[in-house]
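Which chain is which? They are A, B and C, in the order written, and residues in each are numbered from 1.
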Amino acid sequence: MKDLIEKYFDKLWSINRSLTGNGNRETLKILSDLVDLNISEIHSGTHCFDWTVPPEWNVREAWIKDMKGNTIVDFGKNNLHVLGYSEMFHGKLNLEILKEHLYSLPEQPDVIPYLTSYYKPRWGFCISDNLLKTLKDETYEVYIDSELNPNGSMTIGEAILKGETDEEILLSTYICHPSMANNELSGPLVTAFIYNELKKTNHRRYTYRLLFLPETIGSICYLSMHGSQLKEKLAAGYVLTCIGDSGKFTYKKSRRGNSLADRAAELVLNQTEKDFILEDFFPTGSDERQYCSPGFNLPVGSLMRTRYGKYKEYHTSADNKKFISFEAMEKSVQKYLEIIHLIENNFVYENKLPFCEPQLGKRDLYPTLGSQKDTTDYVNAMMWILNLADGSNDMIEIAKRSKIHFDTLIRAAEKLSEKGLIQVKLI
Amino acid sequence: MKDLIEKYFDKLWSINRSLTGNGNRETLKILSDLVDLNISEIHSGTHCFDWTVPPEWNVREAWIKDMKGNTIVDFGKNNLHVLGYSEMFHGKLNLEILKEHLYSLPEQPDVIPYLTSYYKPRWGFCISDNLLKTLKDETYEVYIDSELNPNGSMTIGEAILKGETDEEILLSTYICHPSMANNELSGPLVTAFIYNELKKTNHRRYTYRLLFLPETIGSICYLSMHGSQLKEKLAAGYVLTCIGDSGKFTYKKSRRGNSLADRAAELVLNQTEKDFILEDFFPTGSDERQYCSPGFNLPVGSLMRTRYGKYKEYHTSADNKKFISFEAMEKSVQKYLEIIHLIENNFVYENKLPFCEPQLGKRDLYPTLGSQKDTTDYVNAMMWILNLADGSNDMIEIAKRSKIHFDTLIRAAEKLSEKGLIQVKLI
Amino acid sequence: MKDLIEKYFDKLWSINRSLTGNGNRETLKILSDLVDLNISEIHSGTHCFDWTVPPEWNVREAWIKDMKGNTIVDFGKNNLHVLGYSEMFHGKLNLEILKEHLYSLPEQPDVIPYLTSYYKPRWGFCISDNLLKTLKDETYEVYIDSELNPNGSMTIGEAILKGETDEEILLSTYICHPSMANNELSGPLVTAFIYNELKKTNHRRYTYRLLFLPETIGSICYLSMHGSQLKEKLAAGYVLTCIGDSGKFTYKKSRRGNSLADRAAELVLNQTEKDFILEDFFPTGSDERQYCSPGFNLPVGSLMRTRYGKYKEYHTSADNKKFISFEAMEKSVQKYLEIIHLIENNFVYENKLPFCEPQLGKRDLYPTLGSQKDTTDYVNAMMWILNLADGSNDMIEIAKRSKIHFDTLIRAAEKLSEKGLIQVKLI
């Protein structure tokens, strides 16, 4: 899988993505190889709760040239160079005036920072601080051939994988950053490959909703259209971002703190990872901000690796292919699939013979040679399930109390269910 | 007391106990010296929930002889040698075939392991691995003169000590292992001596029910007959096992985790023992498995010393008189009596003068010389009781919050009650 | 402020205070410079719940002279010398008999202990153990010119600062110890200076009730008169004692443990002090014993510095001006004012745009240059408030979860409220 992830990474890398624009359309088109995407357009100017979809932004060309005509900064070489949502501009400026439009990061002098000005008209270039320092006091020619089209639209992608029930699992990721790796492409790539795996299963209890949206305005618009349905049907959801580097996993809980999304992710990490970071919800970050706004308060957390704001390459040109690992990304896909496997099997069982233990031996579920010194994990798992299957504990709760691996428990529950000793509680 | 415990230990040691059989009857007869036992028989074949009482098993003689007629293994020397519930067998076998019927413990080569085959017909011998290794490739004569009588019965013993109310305290122990000390005789012996002490008290708030049963099938049968009564009347209960070695105390909580049984045992250990082990409930172990099955969910925990499975002598011939301590067993009796003392006095009081403090000085409950630098424990105890006696806190809760020894609190409550300042809340 | 505190300390120091008497009247008169006190008298013999107001005690003169007429002990030099509530006495005694009336503290031989005998008739002198040891076996003349007047009264002071609502904040302190500094004067002084500051504010949500009472009998009498009103209207209260030394703060929680008083004090200490002590409620101590008796169970804690019983100078002549710090006392006033500031602003807000985030940028509340690496504290504060403003979290809860300083949150909430994004929830 990891080679295929890399192939798609390379295809998507150099595209200029933003809240809107042709780069987003191209990105979704490429992802359509992997995901059965339903792509739709939302008109600029559309009202979504307190927000308005911005004009569509496209850049054709942008550069700064010195007096000799040498191109010093070129959008064609790195799309981070243009301040996001820059207005069109053409003119000659001296260094002093030009500097008012240049953004650099003095504490990391060799990287290009990533900056935007979505909601206030501006033009600007982002450059390394090293380059800034070499600029002489002369006249520069500046050209930004961009368009902010109020009759354009914002592009979003959505995929639905139907399950047995209309209760839903949400996977939401964003497509709105230009050439960055962990804090952009890891999200849509991991999401797409999860879809690819899920599609292969022929039995799904839950319906899966996968969203590829520009951050903030995208999820806000989506919620303005589908929020009440999600409020009714969403069992668990995750925002996928910063999931491609080789750092340990970070799970940021939903606002509820103990939702199914949180309990499943936490258990899987506890039982399968030596080390990971668990964070309580906080209202800055990615689209969980919208899903977990107080009016929605959806069960949506975020499983990441090294979180936004926690690595120095974040929001710079150094968040590139070198910073990430395709092996780690494949493992991220697997980790999400483990969580989904747990959620799919997280039944509440009822013991059909709740008075004293059922005799497991006569059902070939117990060793006939008694009084051995150790109980096997598998027998242990059956005993725990039978004891806690009183209609109030789900499998996550039983795994937490028994400290038995959730997969051993799931297999034991299937066996007990087959033998007629437990049954799924209907709610 | 400890010498008397030892005397009874010696009387009971060599008897061959199992789920059923004459050894159990003999054991209960001896214990009748100490406990007013009501002994009853339950027919083999009786259905108890999902289980059936097995045939009655008795062994007259069992040995293995070599070609020269030397007795190599003899049930008469150690009753662990015969696999529990072995069928009758007589025959000559070569070593290879014989070995299919020999059980040893390679990781502890000098001990005889304890094994049973209650519910699958088998015959076998348990021997030390050292002995196994000395066996030559020759022909052996094997003889097991045992009986599995489908018209027999299972023997159980019960004692009731009536109290003022019909709310009950349960002490349950088992009689079903052959010659083992901590994991067999410590239980019935400590239980019997607790009974002996309780009988001497002339005032008991609770009714005490003491059970001497074969493990698992015994408690299951008992619950099938008396379970609904226990569900209605049981205030607290304990399973007594592995309570005779000199290790520190281990308390395994009931499934409820905060039942009266748990709260009382935990407080007594906290306030009287420097070091002890507190374990959450788990569904393997002894008869608390049945008492705490989800249909019953009784408030039954287990105060032990070194728990089953936690010492290498467990379920071997090394769990013998050397492994245990009669002094420790006497202290185990005392510890249970302390817990019972606390439960007997664990009233919920109501302060009859709840607005501000009552004036203790005029009732000779407070020093008349004021402003001294320290408050005595006893005055402290009264202040805590008066403050928390709002009808919602029992004495265990007050002891936990005040960190005052429960006995000081009990005496202070009696004094305050005498002076008319508090009264027991009627429920 | 600290010089003024010292000035009043010096004025109050040498006055002989007790449960009753002219010293208490003089003390309240001096405090009237700072506080608009309503001073009232409660007749000796008045019944208050289980207690009776004692006779009024006044001492004119008291001394012990040796055979040569030298004054060895003189009430005029230190009013701790006379056992509190000593009866009148005049006589000549030999050393043996005299010693029955002398109280010293052998473990701190150079200090005079503080002792009382309010409710049992006695006479006595408190002296240093060093002095006691120098006394020769001769005849002494003893004179105590005191009066215990059954027709006298107990004097109490009260001040009310009206606020917008009749919900109340209580500050209660005591005036009943003779010349002691931390465990007497720090309480009334800090309380008086808090009043002085509160009076200057022109907006108060809560009504403030300040009490200057003799300990125990004073608060009991006050509660017998006003307890039901406090039960209905009290939002939070504090007992002020031992608040004048330079030790770290100690907060003793109310009996409820999580009342507004507790939550506010704990948060302020957590966010503003490097080190402090947090204690659960215990039913010995000062007047919180009465406020937190089970019938009242008022939300009254106590913010102290070094608590009574925790410093060796406590209840001795060494609890004097040297032991305390006027700078610390000023800071104590400020700390109480911070707590009050928090309580005054501890609203429960409701987000008026609870579906997704409101767009802060268009309201000039958010930086227009996006994707910067850090979020400022102030933006963070707004995000937290908007996210948790669902009508169930007050500002204390938001501060605890966000770990943002309560004052930053209060300012952010005011701004959001101004912009119409949140509103105070009416209850």
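We take it that a residue touches a chain if its C-beta (ideal position, glycine included) is under 8 Å from a C-beta of that chain, and two chains touch if they have at least 3 such contacts.
Quick caveat, the model's predicted, so the values are computed rather than measured.
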Touching both chain A and chain B: give me those chains, sorted by label. C
Could the interface between the copies chain B and chain C be described as same, meaning over half of its residue numbers are common to both, or is it different? different
Distance in whole angstrom between the CA centres of chain B and chain C is 54
Touching two or more other chains, which residues of chain B qualify? none
Mind listing the chain B positions that touch chain C in their complex? 351, 353-359, 361-362, 368-375, 379-380, 383-384, 386-390, 401-402
Chain A touches which residues of chain B in the complex? 48-51, 84, 114-120, 122, 216, 219-220, 223-224, 227, 255, 280, 282-284, 289-290, 292-297, 309, 314-315
